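Only one structure is covered here, and it is reproduced in the block below.
Note that the chains take the letters A, B, C and D in the order they are written out, and that residue 1 is the start of every chain.
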């Protein structure tokens, strides 16, 4: 997101001048590309498996929206927490999930995070700080607020992040989450993905006014960014995460984007005008980022091609692993309704160089202390 | 409400100049006073009955808020519909309910509109175009939107009105109602009664920003008026009703007021600072209106005193009637779970001279046609 | 009986009330369960201008399961109203519209989402007439049930919740003819009716459905197959398991399709229990405090002396419905479970 | 048994698991049911920093029923969190906080308002561990029940809804000692627990309550009064009617207080039914698909050969709870109803 773009938004919460965010390194930029590619290629692979009848039930992907989940989650520290939604596979990968576990979950195999108990995108790896979504939208906005409440109550400098589609903002729970987060100034970042449709329902039947405008009426900032620009999403998220961590409360970030596939694989999206799709196809987040890397950041096109091939090979390998994962034992179907003990969520990976530096710093400090 | 006051509000939906509302006649002004007095004295009477143990369960009143329900409902035509809430007894009286039925309902007698099936303010007289509230707040905002939807679907020039407290706006259903009403431009008027508290909870724990500000983000106008000024409430409501009738969609009207009694009769409201109460006591809506009538509108103080005595006598008589109403037959306890047929709601009374004139006009027309 | 006064106040609707609309083969045609639902809806919308539909993606898109396919074109946007993603809004505005003389038919995209509109359903719609004498003629269509890896949020059978919310009628047809007949009856009923349509039957079940006018009275069970040695009382998807088991097992098995769950057809239930003395109650919903528990209790209370064996239940266990096929099969009653349960009861 | 596999998957928690916390009179004192609940909450909040309360008006005001009276002063605004009027928000944020290691205790101002937080309860809290292995240690306190003209929205007993939402534990104490012991156990349980506290018992029932540490294991019924001729299985407010009836009737009546509704103590239920052969199940909630139906079905399935009479239920009929005293009395089970039901069963 260009600084001027930010400045233009009257309700932008982020002062682009204040910034002070450690910038993205060259490696970070390649990581962002890698993660978006991993999402794209994993979902393509999954769609194939679905068409081959290997995925039971239905299939949903986030084609065209890769910049959002990748860019937003990239801002988070290991100790932060996420509730990831159904268009946001990239966020799982940012936290360290491997595609085999994603594919295994979709196929109902025991190797998926839910071990076959739940399907499609209804999972999160607790070991990576993620709480899997429920179908009911946008219930996770409240759960994320609750995670944030725990951080606030304990005085921890940690942040919760969640995602929801623009259609989900019509549900009462969205309002309850925004209102409570505003009153309590919770350290939570709400990523609103406006992909133009809720299933077949266009924006004008979902709301009369863009819901990002409501942020101020809940007592916090809201801003819109180009959801197909991974750096713009990252920059907005990083600012919001930082503010949340500093005790300055929640932020609502609208990412304008387009759902490039049907709502699910069964949906031919005949309700979407072809021109609309064509227009957005030209703004493909992966293509655009690749071009910027090649142009502005002088990454050799060969490197980008290699990256793509590396990711493809990794996804292929993961698919094999997923296919080799057994179906669950029917005996577990009636197990696990109740917990015997509470266990903490684990920390996720945080590939942004800023956190790597912090870790390195901490390790150095320790080394120093040990020495 | 002074025109200048209206003009000062940046988010006022009503253009005070455009006006064009038939003005209040002298008789209208006395009617408003009469209705507010009837509410005050009926509730005082009910409180006494409660203290005497004649009212089972709990007791709620709207002391100090009389201008809102009276002023708002006064704008409605007979064919309009209402969902009246728990601080709004005056609206029932505007529509033609007599205090005996109110008191009988509170006492669980067969003479109340619910015949003892429901209690306290959970009633409405279907014959007068009212659908009684449920406890869950603010559910009636959606029901009122549904009444309005029926009008819109049938192309009728009719309006639905409902009320809710500021605390209830935190509930998800409020948001769902506002959002839907905005999208569909429903002919509905939402009266927001900000009486400073939701039970014991003060504004700052209910929301970070005054919810009237949200109206615009739902695609319609919102304005705040002095809820202790019956003319201000009436003027705002009349404009909003007119707009709704003309197909211009919903309006949210915040009436700033104070709940002068406890949440219920059991609540000593020790959480309310005495100065706050004292301040609001000086703005008593009935006293203020009486003074304005006596001053600006030259109503002889004697007339006002008489009116008060008339109403008191009427309430006394009604109390006797209510006390004479028998307890319901236990046999009905298990009857009426299911309906055998649908029956239309009846029209309410509409004491505003404008509607009386319309009726007179219609009657004349008929006379003319008959002749 | 004293207990009865506290426990069974709903009059059982007269059997003779509506004899119209029985299947008469000359005007019937083969339809899927899904087509039968669409037919009923279209029939009522053509017949009665006050009938309208509201729900998510039901307009131009024709609904997640295509029940309202073509309706938008025929009836227009106002009568096939696409709503925002807000279930309380759908049900709450339907209540208001119904009170004002419309006959709304709400679609939940999946029955599971009723949890998001629960309050308006159980508190506003259900209690309205009892409290105020105001009728609320509306239908909530609930695509329910599992068997196709819908997972914990797209497979539920929430009917027992509704039985614990007095004021709601509840129907759960198992055949195309009943789907049509009960939906028409539901739309004409002056009360809120929860219409459970099992997704697994949408395209899998076909049958003869009378063309045009066809109603099935609410509150009346059907003896689908008479028998002497035992009874299976069931509804929805489990009916088909029961009929197959009755076919395959060499014994005289009576199969009763409840069709309506509220008000229950107590007479039919008790009569069959008294006749055969052995009853299996089968449904797909979880067992604990389910419809089967109510039916079993009624039988133990009112047919005690006639019972030759314990009343058995075959239901899903009290767990969320899992996604993966082997897990889902382990949870939802299967044909083998049905057969085994019948065999066990027969040999008791 | 095959049916069992589909129908009763929840292991019955070991009876021996927690024998601590039995009433030992030397450290007990007389408390009301309400005081016992406050005590339990205070005890846990002092003991464990992660325990916090959230709900409407629970802070400075001390809650609609004063359960948290004085808590604000002792524990501060952060741990006695006044929320906006939004039940899904209360439960949903509690889920999140619980996952992150807090132990939230939510207060619904009245149990009836759970309909407004239903979705977060049944879909998010209840299914979390089954789906993802993530424990959600939280309690939802539900001031329930009628008998004081609360009317249709302040008198409900919603426990059967929860039994149809696998993943929730449900307790419903009837005595001060159990109220304290079960609330402490609920707070320490790593699952979402619905804690039904009957408003009619708050001040009306007093009893000995152990001071300090006192837990009652979840999942364990209590034989409050042993007997031979018949059993009343009950919980909550109806326990007190049963005990009075057992006192007044000249017969040996066993009275069992279920205390926990999910998971049900099937062993205790079936054992008593087998012993006495005559069972009345009594509760205040409406009957249709209620807890009583589940218990009656269990008995008919598992104690069939031992039954000497039909299993009877005494419950509210399937109607909303009316406001006016004569109507409410006609609906809620009264002492006379209990006595009559026992007499009838004894003379069967």
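Observations, loosely collected:
The working rule: a residue touches a chain if its C-beta (ideal position, glycine included) is under 8 Å from a C-beta of that chain, and two chains touch if they have at least 3 such contacts.
None of these values were measured; they are calculated from a predicted model.
Counting C-beta pairs in contact, the chain pair with the largest number is C-D.
The greatest centre-to-centre gap from chain B, using C-alpha centroids, is found for A.
With centres taken as mean Cα positions, chain D sits 41 Å from chain A. In whole angstrom, the spacing between the mean C-alpha positions of chain A and chain B is 47.
Mean C-alpha position of chain C lies 30 Å from that of chain D. Looking at chain D, one finds that residues 5, 9-10, 83-84, 86, 88-89, 112, 115-116, 119, 123, 127, 130-131, 152-153, 166-167, 317-320, 322, 331 touch two or more other chains. Of all residues in chain B, those that touch two or more other chains are 114, 117-118, 122, 134-136, 170-173, 176, 179-180, 183, 205-207, 334, 337. Residues 170-176, 179-180, 182-183, 204-209, 211, 213-214, 216-220 of chain A touch chain B in their complex. Interface residues of chain A facing chain D in the complex, by the touch rule stated above, are 81, 113-114, 117-118, 122-124, 126, 131-132, 134-136, 139, 141-151, 153, 160, 172-173, 176-177, 179-180, 183, 334-345.
If you check the complex, the residues on chain C that touch chain D are 1-3, 5-10, 112, 115-116, 118-119, 122-123, 126-127, 130-131, 152-153, 158, 160-161, 163-164, 166-167, 262, 264, 285-294, 296-297, 299-302, 304, 307, 309-320, 322, 331, 333, 337, 340-341, 344. In the complex of the two chains, the chain D residues touching chain A come out as 5, 9-10, 52, 78-79, 83-84, 86, 88-89, 91-102, 104, 119-120, 123-124, 127-137, 166-167, 169, 190-191. Of all the residues in chain A, the ones that touch chain C in their complex are 56-57, 108-109, 114, 116-120, 122, 134-137, 167-168, 170-173, 198-201, 205-207, 271, 327-334, 337.
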